[in-house]
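This is the structure, below, for whatever I ask next.
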Amino acid sequence: MPIQEKAKILDIRELAENHFKITLLSKYISTNATAGQFVNVRISEETSPLLRRPFSIYNSEPQKELIEILFDVVGEGTKMLSLKEVNEELDILGPLGTGFEIPTDKKMAILVGGGIGIAPLLFLARALKGKIPAVYVIIGARDKKHLIDKKEFDAAKCQVLTCTDDGSAGKKGLAPDFMLPILEESKSIDKETIIYACGPKPMLKACAEIAEQYKIPAQLSMEEKMACGIGACMGCVIKTKSGYQKVCEDGPVFKAEEIIWE
Amino acid sequence: MAINLAGIEMKNPVMVASGTYGYGKEFADYTDLNKLGALVTKTVTLKAREGNPPPRICETPSGMLNTIGLQNPGIEKFLKEAIPFLKKLKIPVIINIAGETIEEFAELAKILEKEKVVKGIEVNVSCPNVKSGGMAFGCDPDLVSKITKSVKKAVSAPVIVKLTPNVTDITLIAKAAEAAGADAITAINTVLGMSFDLKTGKPKLSRGVGGLSGPAIRPIAVRCVWQIAQAVKIPVIGVGGIMTSDDAKEFFLAGAKAVQVGTANFVDTEAAVKVAAGLK
Amino acid sequence: MAINLAGIEMKNPVMVASGTYGYGKEFADYTDLNKLGALVTKTVTLKAREGNPPPRICETPSGMLNTIGLQNPGIEKFLKEAIPFLKKLKIPVIINIAGETIEEFAELAKILEKEKVVKGIEVNVSCPNVKSGGMAFGCDPDLVSKITKSVKKAVSAPVIVKLTPNVTDITLIAKAAEAAGADAITAINTVLGMSFDLKTGKPKLSRGVGGLSGPAIRPIAVRCVWQIAQAVKIPVIGVGGIMTSDDAKEFFLAGAKAVQVGTANFVDTEAAVKVAAGLK
Amino acid sequence: MPIQEKAKILDIRELAENHFKITLLSKYISTNATAGQFVNVRISEETSPLLRRPFSIYNSEPQKELIEILFDVVGEGTKMLSLKEVNEELDILGPLGTGFEIPTDKKMAILVGGGIGIAPLLFLARALKGKIPAVYVIIGARDKKHLIDKKEFDAAKCQVLTCTDDGSAGKKGLAPDFMLPILEESKSIDKETIIYACGPKPMLKACAEIAEQYKIPAQLSMEEKMACGIGACMGCVIKTKSGYQKVCEDGPVFKAEEIIWE
């Protein structure tokens, strides 16, 4: 059951240009969140920006009673969020949505994160520990400046591969392209592998296609503009094989084969 | 703060606006629904409607646009899925209905007449009139009159007609509803608006235009309520951009007997209950 | 960025909106007026109008209400007081006029026909129509047609008709203006709104209702421009809530050929010039 | 000639509950402002609050290139203003309007300030030095908590009298009431005296009535809601004997006999 609460900002820092991490004190959410869920954050008491902004839970530490979100400054709301200060309180709703499913019968997981899409994957990587033996993480970005630090994934004992569109850091190419060698090499291109992905729509679609081609399950974290975040407004739907589904409630994580791409 | 609104007994004059609170259940985790004056459910239609393609919403200065397209499971499924939960509530439940034809309104009303939990019917005449080429019913006093009459004939519960502000003279529509037997009027539904995405060069909403709601439209809603309150004798329910009890008070000064809280529920799950508490 | 708007040559497609820039002089201390595409002056009427009593303005979420009441010294004094300054400008000057009767519009146009500095006439049909009981001329396609025709007959300069959004179907009014010979359309004037002061229990504006402007109405203005641009062939000038060049771009995507900046001038004296610069 | 500029905040402090003073770096405005003029301050880059907020210039020190404003938190705009921090920049327009006239033929001036209406009077008191020999200042407020510090006026060599509606500090009574004893005592109830007042409308009206009764000139600083602040929108008019006049341009200071009270 999600709640609405005021969470104190324990830390806020700029990890790279326009790229921030906020640490929030939230006993309830850190205890109850699962990987892939998100929080809906009220930016301002003013009427503009009006609506809450959704952010994946990047990290959740129940012992320390904290959660973390990772975000890029892309518009007015994220800009204002980046100006918040330690000890201020953020009005948040969470944990929201349906997160990643973690099957017990897999030997390998490939996590693919494009840009800020990496956000829910660290939480996932940690959750996979002890459940899926081999966890590969592919971190993609436009260029070096936008590439997200892989340290935390290394610490989570993942095998990390980084790539950029322009080759300015890591390998040159798009993140989904680097799934193929892993799949081929491991020779377990079958029911023992699972793909998790989060990032821009074209990247998700590419992952879905590869998953279909190799007949392996894939779970994708989708995005759509949201108003309520709690399933009441019907604002955030995407087209699926079972009709319009709400990203905030039925997702954000969907099975790849469910999604109807435009 | 208790009021009797056209026969509906409410502990306080604050309801939630149709379409912003689902069928109530969605907010039950966050707030005590029984603290509301009444609950108005999302528009239900005769047949299921899958709604419009995404993107369905976008933010605008102090407001938002939506083009949900009345997505709902249709009256039959609604009765099965929503009514059991609604029955457990201790507050009056008002069902908001819309038809694509005048006949559909009457048919919906007849079906709901059998449900004891229904304490009022809110008639959403802001949906496009399929027969007359897409212009909303609510823009035409004659159509509003016909719809009101047919719904009145079908149900014994009070009938509330919800008006669109997208008309030259809203008092004409309000008077038509009153003359046709409406027990109350809700004003306003969303204001027709549009926004473009500079990156794609296309409208931000799939259908181009959408309905503007939120604080941005409050002055328009207050004006409509004031105009209507002077033109009719039946009670007016004010809605549009109410975020706080102070905002609600503006509507009472304008002549409203009750208010509805809509978009604010998205910003604060307790908004409607707080508005009610703030009126005490 | 240079455009020819219905015969008016402009360096860029950004003008200032009538009533928000005085007669130009008021902003000359702060910005270089010659960087604008064109200047539209505050509405001038035949006889002097003292305007409405205060309070005349109030703030609303992302917007403001005004009830200035077309305060102006009348056309005679206007010619003496405003024209000498306007003559010194290197940009086209468009004079916004309003009459209380159809005849007054024509009379104003005739007087302005003699002034060389006048590169266009913007006809404000949003003021209350005294003869037909206070409803704005702009709500009635017939009246808009008659006014447009009579102004067209009186002047050789391009005639721009400025429409009110407070109508059921703005395309009907736009088509009427086009058919009557209008050279361009400006959309929109302010949206009718109202706000109450909780301390006094009275409306915040002396006249009760007023005109809503600013970012709050941008989605409404963009929608109107889009609707009109699809309904007529003459160019549409978009206005309503433009604060930045990005906002202006929304209007161009909606089909506008030029834009006007209004309320933003109050927030930033250089707003209009910055919008123009940002379009390059 | 007024200008629009970004002025750095040199200091911001809460003088009493909800009562703030901001010191701004502005060479131009400090050099050009006269007593009674005001600045129009942009509160936020957001669209809400939208319009600028007008504040009298409380103090102007050309040598130090600074100006000060004094304000009460009454609504959203002043609340946000009170949260600004040192080194932030404020977008201001000024110096605006027509300030107080200082005649050369007077022997006595009585300055009456009600509540925050005291703001333009310190600047005036300083400007009167050397021009009018006897300067009395009556500072009124609702109660002790709202009474403004008189130190600065003492320093400006004024004779200061404080009063509160409830008598919780200074004398008990309304500010205009205390003009009479001064006028009587000084026996110069004639062309040698001038009254300056700023405060709530009823107080200004009372001052105007006393001025009329004693046939002495009075200059009142008026308030009206403003949009542009520069004479362009016609939003800020008040009714005067010469028709509607703009508070932002023709005022804020008006001759008492000019004003038509409702």
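In order of appearance the chains are A, B, C and D, and numbering begins at 1 in each one.
Here, a contact is a pair of C-beta atoms (placed from the backbone, for glycine too) under 8 Å apart; a residue touches a chain by one contact, two chains touch by 3 or more.
Fair warning: this is a prediction, and the values are worked out from it, not measured in the lab.
Undergrad: Among the chains, which has its CA centre at the largest distance from subunit B's?
TA: Result for max centroid distance from subunit B is chain D.
Undergrad: Rounded to a whole Å, what is the gap between the Cα centroids of subunit A and subunit D?
TA: The separation of the two C-alpha centroids amounts to 55 Å.
Undergrad: When the C-alpha atoms of subunit A and subunit B are each averaged to a single point, how far apart are the two points in Å?
TA: Comparing mean C-alpha positions, subunit B is 36 Å from subunit A.
Undergrad: Using the average of all C-alpha atoms in each chain as its centre, how far is it in Å between subunit A and subunit C?
TA: Between these chains, centre-to-centre, one finds 48 Å.
Undergrad: Among the residues of subunit B, pick out those that touch two or more other chains and give their numbers.
TA: In subunit B, the residues touching two or more other chains are 61-63, 214-216.
Undergrad: Which positions in subunit A touch two or more other chains at once?
TA: Residues 47-49.
Undergrad: What pattern do the touching chains form: line, ring, star, complete or other?
TA: complete
Undergrad: Applying the document's contact rule, which stretches of subunit D touch subunit B when the two form their complex?
TA: Result: residues 47-48 of subunit D touch subunit B.
Undergrad: Under the stated contact criterion, what part of subunit D meets subunit A in this complex?
TA: For this pair, the touching residues of subunit D are 44, 46-49, 76.
Undergrad: If we count contacts the way the header does, which residues on subunit D are in touch with subunit C in the complex?
TA: So the residues of subunit D in touch with subunit C come to 1-4, 42, 47-52, 91, 93, 224-239, 243-244.
Undergrad: Given the complex with subunit A, which residues does subunit B contribute to the contact?
TA: Answer in residue numbers: 19-22, 26-27, 29-30, 42, 50-51, 53-59, 61-64, 66, 68, 71, 214-216, 243, 263, 265-270.
Undergrad: Residue numbers of subunit C touching subunit B in their complex, please.
TA: Against subunit B, subunit C makes touches at 60-63, 65, 135, 139, 166-169, 191-196, 198, 201-202, 208-209, 212, 214-220, 222-223, 226, 241, 246, 249-250, 253-254.
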